[in-house]
Amino acid sequence: MKVVGVAVLMAVLLAGCLALGQPKYIVLSDIAWAPFEWVSEKGAYLGFDLDVMRAIAILEGFEIELRDTPFDSIIPAIIAGRGDIGASGFTITEERALVINFSEAYWDSNQAVVVRAGSGLDLDMVASPGRLVGAQRGTTGSFWIEDEWVPLGVTLVEYETYPEAILDLLAGRIDGIVQDVDPSKMAVLQYKGQIEIAGVVDTGEQFGFLVAKDDPKELLPRIHRGVATLKDLGVWDLLIEAYFGPSLGAIESAWEKCIDILLVDRDPLRYAQCLTAELRP
Amino acid sequence: MDLSVWTEVAPHVPVLLRGLLVNIQLLLGLISLGLVVGVVTALIEVYAPRPVGIVAGAYTWFFRGVPEIVLLFLFYFGLSQFGVPVSAFFAAVLALGLRSSAYQAQIFRGAFQSIPHGQMMAARALGLGRLRAIVHVVLPQALRLSLAGWSNEFSSVLKDTTLAWGIGVVEIMRQASYIRARNFTLTLPIYVTVALMFLVLTYVGNLAIGLAERKLRVPGLEGQR
Amino acid sequence: MALLRVENLHKRYGHEEVLKGVTLAQDAGETKVVIGPSGTGKSTLLRCINRLTEPDQGRVWLEDTEITSRRTDINRVRAKIGFVFQDFNLFTHLTSLDNVRLGLMKVRGMPRAAATGRAMAELERVGLAAKANAYPAQLSGGQQQRVSIARALAMDPKLILFDEPTSALDPELIGEVLSVMIQLARDGMTMIVVTHEMGFARSVADEIVFMEGGVIVEQGTPDKMFRSPEVPRTGEFLRKISDLYGESR
């Protein structure tokens, strides 16, 4: 009787630890920026940033809730206490660091300059007087143009989204677009033969995750430890291989096949191996 | 835009419709809130003692003067600063609904003012109190006169619901951006589809209001368009 | 005791004093006609009686209720005093039937069926049962005024105040309204009628009150007022008004 009672008690406690014992943090991301984060055709949230956050949560023993949030609202939301972690390809800048705290950089992001295929423009020709160059509002691309190219006589044209900028580029209304290298490569793949990369600007720019100022919930140490573990295990490189290169459709079907290994079995390594295995020809 | 693009759009239509359903929910919530608060505000502006009327006037001035997106931010982020963590959906209904109430108050105020004073006098002479005279005599007439202006407001707030993404409500524009993020080439056709959906919804909504207008129409009380 | 007593009523609009101390008494069943040049406070007097206009000074009693007292529930008093307006003021959004029924249901709390019966009876009385489902905009001015009389009658008023009930009507429509009013007077309804219709005054009034400049100049039976007024100004006015409007009706 007593033994059964203790066993029941322990079982209840264990279940309680699993369900309630883990703290839950809200992760904010603007989930429309493949391959870092996007929504699959079936409505699932996936992408490099999001899988990294999921894996870190498993390794560090906390729960996360992903919440799709407009990019411009993520920092205000974290300041207002409406979210705990920002994982949305945030470039580390001094201005942002004044109001929130960044993790150590997890990604080097240089800026590609995309032009119309066959336009014959190279980097120097795009960055010359009279050129109209587009960028997504509020991104490093637009800050780069503003700071480095506008003084050279370039006119900055800002867009709400990257695809809108591409439409204008195709229509001949602008001469080039400055955007992160990976999304740019993806766009070139999708608009095969219509646009090409004229060159890459080394901005020395890096991405970080972000948390509230002074990290009151002590999340940064856990994020850092989590990233380090992922790199040690080899998960990190496998995720890069899976997410940067294959078509989004292929990633989505591989992800669907493998995601339970991460979410149910809670095994990041086997998950990443599954993904890359699915995606290898 | 070549035709094959549309066969690519077709599979995304259910997702867009799911987003549109959220816009419709936003619309119903905000326009009902706007209706109730709008009527009360208009009543206060027209019938309440001057100091109270001035407060109501300031209220409509504020909500008409501040851009929608700013209101959304104020309600979503602002309320949580005061320890009221409203959901994005609720904040959107509140912000857009109160904004709409300010515009609806204008419509109703004009209608109230256009009801001849004799109507109120006759109701009071029968022994109806002021509030009951308003409810039984002034309001039914004013609401009929307001329907035309109200259908404009309906079309306008329907479109405003697309701003709710600004604070993270996943509605049709957001669903569109999900699709766009996966497939840049569909950008234009997806937005054409969204536009069509809104056109249809506006048409159906105005049709319903038109039917209601015809059903409620009384000789001598035709509203002006 | 008189049904209605008005004591020393004063009303001022800005600099202009419209009522300068009016006193009168009215018995049950009596028909009083108030005449006088425009702008002499006749309408204001009627509106002060049921406080649609607040008097500045003076008192009004309906039987032993002081209408002008702050403690009086004015809505209860108004329910007992019918008011017929110059421009009818029928509720635009309601049919004739609903116009008559509204007060019964919303003020007297009568159930719908009973209110309908009563309202139809009153419409019958003014000869408009056939127009029960017509909206005001579908009725002639004379018909509208008859519905508005039915609306007042339905409330079982102790007294009906008529404020120039035929002044807004085309001449050919005046007769139908007057004949309803004449019948009411003969049935013993207590009425105060502000009008220029001298024929009506002469044939129905128990008393004619001549007002000018915010005061009652003279009052008396039609016989006395038309034949041998004490104040010269009364005779002068009556001759002028009879020339203008005729009294053949």
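Here the chain labels run A, B and C in written order, and each chain numbers its own residues starting at 1.
Following the convention adopted for this analysis, contacts are C-beta pairs under 8 Å (C-beta built on N, C-alpha and C of every residue); 3 or more make two chains touch, one makes a residue touch a chain.
It should be emphasised that the depicted structure is a prediction, and the values quoted were computed from it without experimental measurement.
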item	value
Most distant chain from chain C by Cα centroid	A
Per-chain CA centroid nearest to the all-protein CA mean	B
CA centroid of chain A to CA centroid of chain B, Å	36
Intercentroid distance (Cα basis), chain C paired with chain A, Å	82
Chain B-chain C separation of Cα centroids, rounded to whole Å	46
Footprint of chain B on chain A - complex, ascending	31-34, 38-41, 43, 67-70, 73, 76-77, 80-82, 161-164, 166-167, 187, 190-191, 248-249
Residues of chain B touching chain A in the complex	11-12, 15, 73, 76-77, 80-81, 85, 165-168, 170, 174, 177-178, 180-185, 187-188
Footprint of chain C on chain B - complex, ascending	116, 118-119, 121-129, 132, 136-137, 140-141, 144, 218-221
Chain B partner contacts - residues on chain C that touch it in the complex	50, 52, 75-81, 83, 85, 87, 89-93, 102-103, 106-107, 135-138, 148, 151, 155
